[in-house]
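For reference, the structures are reproduced in the following blocks.
Across the two complexes that follow, chain A remains constant while its partner is chain B and subsequently chain C.
So, the complex of A and B:
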């Protein structure tokens, strides 16, 4: 299962890097969000760490929706979905491959978002190990669910707005963990219940990775 | 599973009407007026049944979604759809009545309580689910897509509840204190009200499922008709 997964992820990353619209759109929207939110900061005051963390993860969540819309539309645009389904790769490998590609694309967006938060919102990243861990754990949760529900965008039903409405409430537990942990990174003080919040994010990752493995074959099929 | 059960849909509304009348009597005449909250506490007898049956509805969406994924029988999809509609309606009413109660008692319309947050998030998720239904997203795969969402949405509930509780861990257990202080007459009233709402809920669910399957039949007949010409 691993080989087709990696092949698919590599193919998607290459296509997205060479002019896929999803990535650039996601990065631009996220940067714009961070900038616009910086206007809520009164002159001479800093944005509270928790507020900045919320803005960062909101930008990431919107970015993730656009990234997966782009990833799944790669096949739709060229009518290659049937080819993908006919290939000997198990369907779970398709979910994992898309999730993996989405993971790296989201990280690429966040490489831009993090300095934007530092510049526009006046934050400092004070706790690098926690920062790295938080981004990896939370991003996996985002892409696990994003890759499952992003497949909804296949066929005629492709509507980003609809996907956002469905995805965001489901992401709430993950976003709360992410905001708490990131606020700790920005303020330099570990949040109360640090292990519990990390555990919550990990539980989210595990639950929705498991659910996606079971449910993805239903979502991604040959029908229009 | 039978979707159109005529005697049930005739007897049930009658039973529901009688039970609701009895519940009104119990709420306004039988149950004592609460000492500190006064009349406002009576909202509780409407609020609790509505939120409970909303949760039951969402559980039915989950169970029917699994049944659909296993059996691929469109009747399960219709049951899930009907349950989602009633669940969103009851959750809306539960949120509104809860807010009306909280304003004089907690002195705020809204607070970050795990139950409130969980109900609101479920309201968002199932409202989106209904949007997906009405948009007929997914075309021929629509029922499958909805069933997957029905499963995923319910899996999220425990996580939402625990994360909301962790977010404001200082929040006092207001609900626990409130539930513990009920008089025996109040308990009876709660039970009567929950059962009455249950009958109403069951009738609405069955009636809606029957409606949806009739709509399905009509659609099928129209296709036949067009093919004949």
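So, the complex of A and C:
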């Protein structure tokens, strides 16, 4: 399972990086969101840590939609989805390959978003270990669900709106955890109920990774 | 040691049927397809040839009956209207990717040799997006050859190919049969392709219209009369 997973992820990363398909739009949209929200604060005032955290994760969530639209559209032009389905690779490997590629692309976007939050929203990253842990745990939840629902929306004419409509309500618990944990990173104080928020994010990861492993073969293998 | 595939059953259709809504595309198709044969699937437009091929390949579920494939997915390949190529990858990268998805680790020399077999060695480092239809189809054929399939599905593979490319395709089909592969070949060029087939499955669409009255007929290519069932 590992070999086709890595083969697919490597191919996707190469294509997304070479064409900029989805990646540049995701990065630009996120940066624009952060910049526009920075204009909402009165001059001389600092955006509250929780507000800044919410803006960071909103940018990440929108970026995720564009990333997965881009990733699944790679197979549309020449019908390569059929080729993937015909290959002996387990279908879970396809989900995992797309999720891995999405994970690294989302991280690449966040490498740009983080300094933008520091510069435009006046935040400091005061707790690097928690920051790293939060990003890894929350990003995995984002891509686990994004990879599943991206497959559901692929081939649809209105896939951007479809993906957004079905994805965002499901992401709410994860985004709540992410905002609470990240606010603690920006303020330098662990949020109240730190373990519970982290636990909720981990539970989200486990739940939707499990759901994706079960559902993905049906979702991606559906008839054209 | 894996037994040779020749003279063994490669694929069986058991009362296979497919409906789109209430409309039957084909139904009650039963036939045994041994390895080392070329099956030509013929019929007019809309008769269900491509749908049947996809059902045989496991890409679309049947409404009735069953398909039993006796060849593992690792040794099954499909060449259809879609090329499955990634336009921003080179020919070599495309081949390497599909090899990886089949769990193969061919060396660069082996990949180049496969490209040479289909006459694409000079284009190995060019992106597939700039290929003509014929070149893209040759690269698709190279992708298929890399797998050395024991079960090969072809959906009008000659569409858009020039004479030289057609010759490459026909040579590879013949070699696959000699190797003991079952080739299931959807074709519109019946008069030209019949001579290369061992068996013919003719679809007339739905449940009526064939000489047998059941919408399909199956038999040796030597006994097939095109006008009778198409």
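One rule holds in what follows: the second predicted complex is superposed on the first by the 219 of 224 C-alpha atoms of A that agree within 3 Å, B and C clash if a C-alpha of one lies under 4 Å from a C-alpha of the other, contacts with A are read in each partner's own complex, and residues count from 1 in each chain.
In the analysis below, a residue touches a chain if its C-beta (ideal position, glycine included) is under 8 Å from a C-beta of that chain, and two chains touch if they have at least 3 such contacts.
Here the structure is a predicted model, which is why all the values come from computation and not from measurement.
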Contacts of A:169 with chain B and chain C, given as first, second, both or neither: first
Chain B versus chain C as contact partner of A:44, first or second or both or neither: neither
Touched chain A residues, chain B compared with chain C: B
First (chain B), second (chain C), both or neither touched by A:86: second
Which superposed partner A:129 touches (first chain B, second chain C, both, neither): neither
Touched partner set for A:3, first chain B, second chain C, both or neither: second
Chain B and chain C contact sites that coincide on chain A, given as residue numbers: 223
Chain A contact footprint on chain B (complex, rising order): 69, 121, 124-125, 128-129, 131-132, 135, 137-141, 144-145, 147-149, 151-153, 155-156, 159-160, 162-164, 166-167, 169
Chain A - residues contacting chain C, complex: 3-4, 7-8, 11, 14-15, 18-19, 74, 77-80, 82-89, 223
Interface residues, chain C side, partner chain A - complex: 57-61, 72-74, 76-78, 80-89, 93, 97-98, 100-103
Chain B partner contacts - residues on chain A that touch it in the complex: 145, 148-149, 152, 155-157, 159, 162, 165-166, 168-170, 172-173, 176-177, 180, 192-193, 196-197, 200, 203-204, 207-208, 211, 215, 218-219, 221, 223-224
